[in-house]
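You will see chain A twice below: alongside chain B first, and alongside chain C after that.
Moving on to the complex of A and B:
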């Protein structure tokens, strides 16, 4: 039996605008999504902001109802069988919310142990183990308000594991963390996977999904664009070379000229402070570097690098201009 | 079955303790618990004394104490749910295997226990400022009535708490309802000055019956306090019976609207 089965799942949100003349608008967050996740699998859901990743996680963790379709976790319907399902799943949302800041880290985990009806003899043993797992043993008695962002996120993980869930939902767990904290958290996630947990991870960091997940679904505007292994996704761009151009002051006209070049398949612009990094995907791109630079006439070129494509490039190719928001 | 019940009782105890810890770090709540009852006692008893109705002193003290209980219990419950929503913990509580009303019972009982401090503060203010003797006709009935009042207020809190989950403005809602409830329950003025058509509404409110039970036990109102206590028990049960299906409907609604994390 699959750990997660999703069939034609849809979710609409109705938003209202105006004070006196109120008009309603329906926004589609998920559109006909279908996927399965096998037991023990670390499955990644990758997509830009607003793609529907969080909505899907909320539905699977029984916080939200779908508008159409069905979803089962551990063979239990997420709409009807919440009483049986909730004790068997754990959820970890990204960000600093979801904790009691005025209580200590240990108090937070203890409270959720009670809420999840974990027997006291079990929680007495499990809480120190979880604090150790996430590296918070020494700071466990301090109030959460004094924790760094990374510590709060690790506490979230410990809280999500208090009921020893069969399936763990991690919704952008490394968002906003510094690189070291994010790396530590990824190590924790990898360890959990090795321990046999089924993990459903959402992220908009390509390298995170590439490093951790066995399979990945790319989602955009509520729809799954592609679903496969990270290696298969990379195959999408296997024949391409990527030319990275670091430059200043690229005009829209120059960008249009570049995109119109017959060899160019996609251009992703990554704004880093005042520098723009253009990632130009083109078969045999190395041979066309002089032409590309000529098309960027007027821009101040800082650095040019050619490299082999990564999962990020596959993602850019799949999402086109929507990938810019990542 | 028994282990499940024990588990739920542990949740009540854990929520009670958790609420007490949070309260201990919240200066605003400490102010509500200690300062509000003093202000209400000064205003309420002072008004009666100014009007030359000194025999209403103890009545005013009990009314002010009930206002303190209301503030500490229900007003704070509204603020708690609003705080949980803002803090992102409300969706965690709803998605936990424990039914949310069980969590609310623990939190409300914790506030109810703390609200006894409010009642003590009103009596102390009456005694120190106005030299009002604590002259309770039937102390045992008074204590029982006080405990049953707290139970009824907690049950009432469960009904209101369910609505608070629905709205993103729980604090504002309870703010608006404060004075109408005080007046309809006879906590500020005797119910006899209210128009007759409003009285049936008063009869549905736990604070009104709590106030009456305490007044009767204190010997301020003619009647049998034990009969009113029975009514308080019945009222608590009715609130509980309403709260359970009401919350199931509200949980479904917030999952449908996706409003649990909107604030």
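Moving on to the complex of A and C:
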């Protein structure tokens, strides 16, 4: 039996604008999504902001109802069988919220242990183990309001594991963390996977999914664009080379000229402070660097490097201009 | 039901941790004590000016109860607002427990604080305006007082349930608290209100409990106020049942609309 089965799942939200003349608009967050996750698998859901990742996680963790289709976790329907399902799943939503800031780290976990009906004799043993797992033993008695963002995220993980769930939903767990904290958290996730947990991870960090997940689904505008292993996704761009150009003041006309070049398959623009980093995907791209630079006439070129494509490039190719919002 | 004591204890623990951070000596002595005593004093002096010592005593009893009730009503709503503010609501919704006992525990320290405020009013104002009330009658009134506090908590829950998907929790619960001040016979006899308004007051918790408390403080036996207390308890149960149903409905709707985290 699969750990997660999703069939033709859809979810619409009705939004209202205006104060006196109120206008309603229906937004489709999920559109006919189908996928399965096997027991013990670390499955990644990758997509830009607003793609529907959080909506899907919330439906699977019984917080939100779908508009259409069905979803089962551990063979239990997420709409009908919530009573049986909830004790068997854990969830961690990204960000700093979701904790009681005036309670200590230990008290936060204890609070959720009670909510998850963990027997006191079990929670007494499990809480120190979880604090140890996420590296918070030394700070366990401090109030959460004094924790760093990374510590809060690690506490979230411990909280999500308090009921020893069979399936763990992690919704962008490393969002906003500094690189070291994010790496530490990824280590924790990898350890949980090694311990046999089924993990459903959403992220918009390609390297995170690449490093952790066995399979990945790319979702955009509520639809699954592709689903395969990270290696297979990378095969999409195996014949490409990527030319990265760091520059200042690239005009829209220059970008249009570049995109129109017959060898260019995609251009992804990454704004880093005041510098724009153009990632130009082109077969045999190295040989065309002088031509590309000529097309960027007027821009101040700082640095040019060529490299082999990564999962990020496959993602850019799949999503086209929508990937820019990542 | 087996887990209710565990959940209640957990709620109390969380509530106490919250309160112990908030209530520093500076806050207690510079804000809580003066605010509680001065607010009650304001209305008592107003009553004294309007009707002499008898009306002042009337206002003293009314304000003593309202101080605790008001805090209780707002606290219930505040507990729910806090969940939304902290972003913990989705975790509560997705938890397998019935979190009613936990929420009850979470609001308990609010009640204790409300009772502390009553004691403050008693300590500071009773010697001056509580003429004719014996210590024995005061003790006899305590159970009625606590029952009334419990029945009005149902109103707090209803307020929290009504405003669950909105951003008006604090606004609505405060308005209800002040409305009770007008409608429940706190600062002036209930009978001076127009009949239609009296009807509204009778439909609220606290009104009958306060009438019973006043009677007991005047020396009436429990038997004389049993009817009033029965009505008070019935009103509290009705409010509690409506709050319970509405709360469950709101949570179900929130799962459909996905707006539970808005605040």
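Basically, the second predicted complex is superposed on the first by the 326 of 326 C-alpha atoms of A that agree within 3 Å, B and C clash if a C-alpha of one lies under 4 Å from a C-alpha of the other, contacts with A are read in each partner's own complex, and residues count from 1 in each chain.
Definition applied: a residue touches a chain if its C-beta (ideal position, glycine included) is under 8 Å from a C-beta of that chain, and two chains touch if they have at least 3 such contacts.
Nothing here was measured: the structure is a model prediction, and the numbers come from that model.
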Worksheet item: Overlaying the two complexes on chain A, which is it for chain B and chain C: clash or fit?
Response: clash
Practice prompt. For A:153, select first, second, both or neither according to whether it touches chain B, chain C, the two together, or no partner.
Written response: neither
Discussion item. Quick check on the superposed pair: does A:220 touch chain B, chain C, both, or neither? Answer first, second, both or neither.
Written reply: neither
Worksheet item: A:174 contacts which: chain B (first), chain C (second), both, neither?
Response: neither
Discussion item. By the touch definition at the top of the document, which applies to A:95: first (chain B), second (chain C), both, or neither?
Written reply: both
Worksheet item: Does chain B (first) or chain C (second) touch A:310, or do both, or does neither?
Response: neither
Discussion item. Give me the intersection of chain A's contacts with chain B and its contacts with chain C, in residue numbers.
Written reply: 13, 55, 58, 61-65, 83, 86-87, 91, 93, 95, 97-103, 107, 110-112, 114-117, 120
Worksheet entry | Touch list for chain B against partner chain A, complex | 3-4, 7-8, 10-11, 13-15, 18, 21-22, 25-26, 87-89, 91-98, 103, 252, 255-256, 258, 260-261
Discussion item. Give the list of chain A residues in touch with chain B in this complex.
Written reply: 13, 55, 58, 61-65, 83, 86-87, 91, 93, 95, 97-103, 107, 110-112, 114-117, 119-120, 163
Fill in: Residues on chain A engaged by chain C in the complex (per definition of touch)
13-14, 55, 58, 61-65, 83, 86-87, 89, 91, 93, 95, 97-104, 107, 110-112, 114-117, 120, 143, 159
Worksheet item: For the complex, which residues does chain C have touching chain A?
Response: 3, 6-7, 9-10, 13-14, 17-18, 21-22, 86-88, 90-97, 99, 102, 255-258, 260
